[in-house]
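Mind having a look at this structure? Questions to follow.
Labels A, B, C and D are assigned to the chains in the order they are written; within every chain, residues are numbered from 1.
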C-alpha cells in the first residue's frame, strides 16, 4: 500500500491531565458557569462566543425549534422508546432521523435562498423561484406569532437587517404568512451563520424537545395506544368478517 | 374489535391560529427572548422554568457534556456524513446512538445510586457496591478540572448540598478521582431532577456538539482518511503478499 | 503520547484489483449465484456456509421475523419517511432503533436462557426463573401457528433436538402458549448460533420488512394521518373550548 | 376540529388467533420453509413471490451488497457498539444512516437513469448526462469481478436484456469500468423493480453485513483503537509540547 496518508486534524478540543480546551477556550475557567447551552451551540457553529445581544437572539431562534407538540418526529421517538426503553439515546436518534427536507429543513432552504439572493428585489426573487420556503402555515394565519416575536427580538437586539427585511418583503409580495422557519432562516443570516449550519440548529433544538417527550411517555404513555389503533384499523379490510 | 380505547393525552404543547403554548407557557410572550436553550431543556425535564441560580447551574452541567473532542460518537457521525452529506440529521442521529451504558450513561448511574443511597454513609455505599460510577478518568487525575469547577458553581449558586457532599465522600473513600459525570449526577440530584432524566441531558448536549463536528468535517474532512487507513490495515493480513 | 498501538484486524473481507473475498470465500465465484441472502447471513453469523438443511431452517426463522404488520417500528419508520423521504436509509434506521428489550430482544433472551439452562429440567427452570421469555401472545392462542410450523421445519430438517424439546417442556410446565420468539430462540441454539448473535437475526430480518413498509408508504401514505389524529386528540384537553 | 379523517390502510399483513397472512400469503403454510430471506425481500418489494430464476438472480444482487469490508458504515456501527453494547439494534441503525447519496445510493441512480433513458442510445445518454452513476472503481479495474459475475447470472437465468445491454454500452462509450452498482441497477430494471425500491435492497443487505461486523467487534474489538488513534493525532497540533 503506497497511498500517501493525510494528516488527521480537528481544531475543536484538546485535553491534558489538568486542562480541557474547547474551541480555543478553557472549558472550566471560561465556559462552565459563564456560557449557557445556546451560547455553547453558537460557539460550535461559528468558532466564537456570542456577545450578549447575539446570545439573546440566537437562543430565541434555537428555543423556537425545541417543541412543536406531537410531531411525526416526537411520535417516532415515543414508539421507539416503547420497544427499547433501556436505550433512550436511540429513541432520540430515531426522532431526529425525520428532520429532513419536509419539516426542519426549510430553515436551511430559507437561509440558502436569502444568502444567494441578497441584493435582488422581492419581486425578482418571487419571479425566479416557483417555491419560496418559509411561507405558509396550516394553522397560524394570517400571522405566525413566533415569526412576529422573533423579529421583535431581532429589532430589540439590533439585528433586524437586510435579510429580515427581504424575507418580510417576499412574504408580502407572495401574500402568504411568513412562518417561524422563514424568520429563523433570515435571522440566522443576520447573525452571520453559514446556511449549511442552519439545519443543525433545528436538529440540536429538537433533541432537547424529544427528551421531554420521552420523559412524558415514561410516566404517561401513549405510543402503545397509537400503535394498536393504527394496526387494527389499517388491516381491518383484510381480516375475515367477525374476527 | 372490542378493545377499549385509551385516550391519547400529552400535556406538552397546544396551538390555535394565534396562540402557541409550551409546558403551560405562552411561547412567543413568555419564552422567546426570555429563556435560553438550557432553560428550555430544564423546563422540558421538570415542567417548570428555572430560577436564575438553577439556570446557571443547569446550563453549566449541560455545557460540560457538549464536547469531548473526537469521541467514538463524533467519529461515527462524521463517517455517516461522509456517506450521506444530504442528511445531516441522520449523521447526528448515528452519533447519538452510541451514548449508552459505556460513556454518557454513567451520569444516570450516578444519579440513581445517589438517589437510592442518600442517608447511607460513604463507607456503607462503597462496601455495598462493587462498582461505583462517576469515578476515575484515563487522563484527568488526580483532579478532573470539570468536576472541581462544577462543584464551585454549585457552591456559588447555593446548590452544593448532601448529594454533592456524599459523592465527594465516596470518591475520597475509594481514593479515586471524581470525574465530570460524577459531579453532574450529584448536581442533577441537587436540582431535583429524576435520575431517569439525567441521561437525557447528555443526549441533548451531545447533539449540540455533534453539529459542530459535522460542520468541521464539511470544511476540513477526516472521516475518509480514518476509513481508508482502518480498512487497509485491518485486512492486510488477508491480502496476498505484494497486493 | 507513548500509548502502544494495537493492530487493527478484521477477518471478514479483502479485495485486490481482480479479487474479492468474503469470509474466506471468493465472492463472485463461490457466493454470487450460489448462496441466498439468508445463507449469506448465516455465513456472517457463523463464519461457515450452511448445508442445505441448515439453509432451509435458518431462512425459515429469519423469514418469520421480517414482517409483523404495522408494528411500532414500522410506524416509526413511516413517520420518519414523512419528514425525510430523500433519506430512506434513515427511516429504516429509525425503525430498527426500537428493536430492543421489549419486542425482538426476546429471541435473544430465550437463546440465552436455554444455553445456560440446558441439562436442567423444565420444572427446575420454571422454578428458578420468575419470567420466562418466548411464552404468551396477545392474539395467537392456544397455539402460535408460526412456532408450530417452525418446529415442523426443524423436524423435517433433522434439527429438532434438546433445545426445542426443552422449550416445549417449559411452555407446557407454565401452561402458556409457546410463541414464535420462543421457537426461534430454541432453533438458533440447535443451529449452534451464539445467543449473542440471535438479536441480530431479528434486526436484519426487520430491515427487510421495513423497506416494504416504506414503499407502501410512498404509494399509499398513512403516516400523516396517524400524526394529525394523534396530535389533535392528545392536546385537545389543553385547547380553549371551541378552538 | 372538523378535519375529515382519512382511513388508515395497509395491505401488507393481518392476523387472527390462528392465522397470519403476509402479502396475501399464509405465513406458516406458504412462506416458512418455502421461501428464503431474499425471496421474502422480493415479495416485499414487488408484492409477488419470485420464480426460481428470479429468486436466484435477485438473491445474487442482494448478496453482493451485504459486505464490502471495513466501510465507513461498518466502522460507524462498531464505534456505536463500543458505547452501547446493550443496544446492538442501534449500532446497526447508526451504520445504515450513512447509506446515502455517496455509496449505496448509486444503485438507485443507475436504475433511475436506465428507466428514464431506455430507448435512447448509449451515445445520447452519455452526451446528455455529465455524470453517469455505476461507473468507475478505485480498486477494481479494468473489470469489476462482481459486475461480470452478476451479468453472467443474469444470462444464465434469462434476464440479461435491454437494460443490462444499455448499461454495458454506456460503460464502453465512456471507457470506464462498469462497477457492481451499475450491474445491480440494470438487473433491478430487468426484474421489473421500481427504481425507488432499489436503494432499499442495499439498505437491507447492509443490515445483514453490519450484524456480522458487530459480532466480530464483540470478540475481536478494533473500534476503541480507531477512536484513540484518531483522537490523539487529530488534536496533537493543539496540545502543549511534551504533553
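Note that contacts are C-beta pairs under 8 Å (C-beta built on N, C-alpha and C of every residue); 3 or more make two chains touch, one makes a residue touch a chain.
As the structure is a computational prediction, the values presented were derived from the model and not from experiment.
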Of B-D and C-D, pair with higher C-beta contact tally: C-D
Most widely separated chain from chain D, with each centre as the mean of CA atoms: B
Distance between chain centroids, defined by C-alpha means - chain B, chain D (Å): 34
Interchain centroid distance [CA atoms averaged], chain C/chain D, Å: 19
Where chain C touches two or more other chains at once, by residue number: 8-17, 69-70, 84, 86-87, 89-90, 93-94, 97-100, 104, 222, 226, 230, 234-235
For the chain A and chain D complex, residues of the former touching the latter: 7-17, 21, 84, 86-87, 89-90, 93-94, 97, 230, 233-235, 237-240, 243
Contacting residues of chain B [partner chain A, same complex]: 1, 3, 5-6, 8-20, 22-23, 27-29, 31-33, 35-41, 44-45, 55-56, 59-60, 62-64, 66-70, 87-90, 92-94, 96-100, 104, 139-141, 143, 145-146, 148-150, 152-153, 156, 194, 196-197, 199-201, 203-205, 207-209, 211-216, 218, 220, 222, 225-226, 228-229, 232, 236
List of chain A residues in touch with chain C within their complex: 69-73, 75-77, 79-87, 90-91, 93-95, 97-105, 222-224, 226-227, 230-231, 234-235
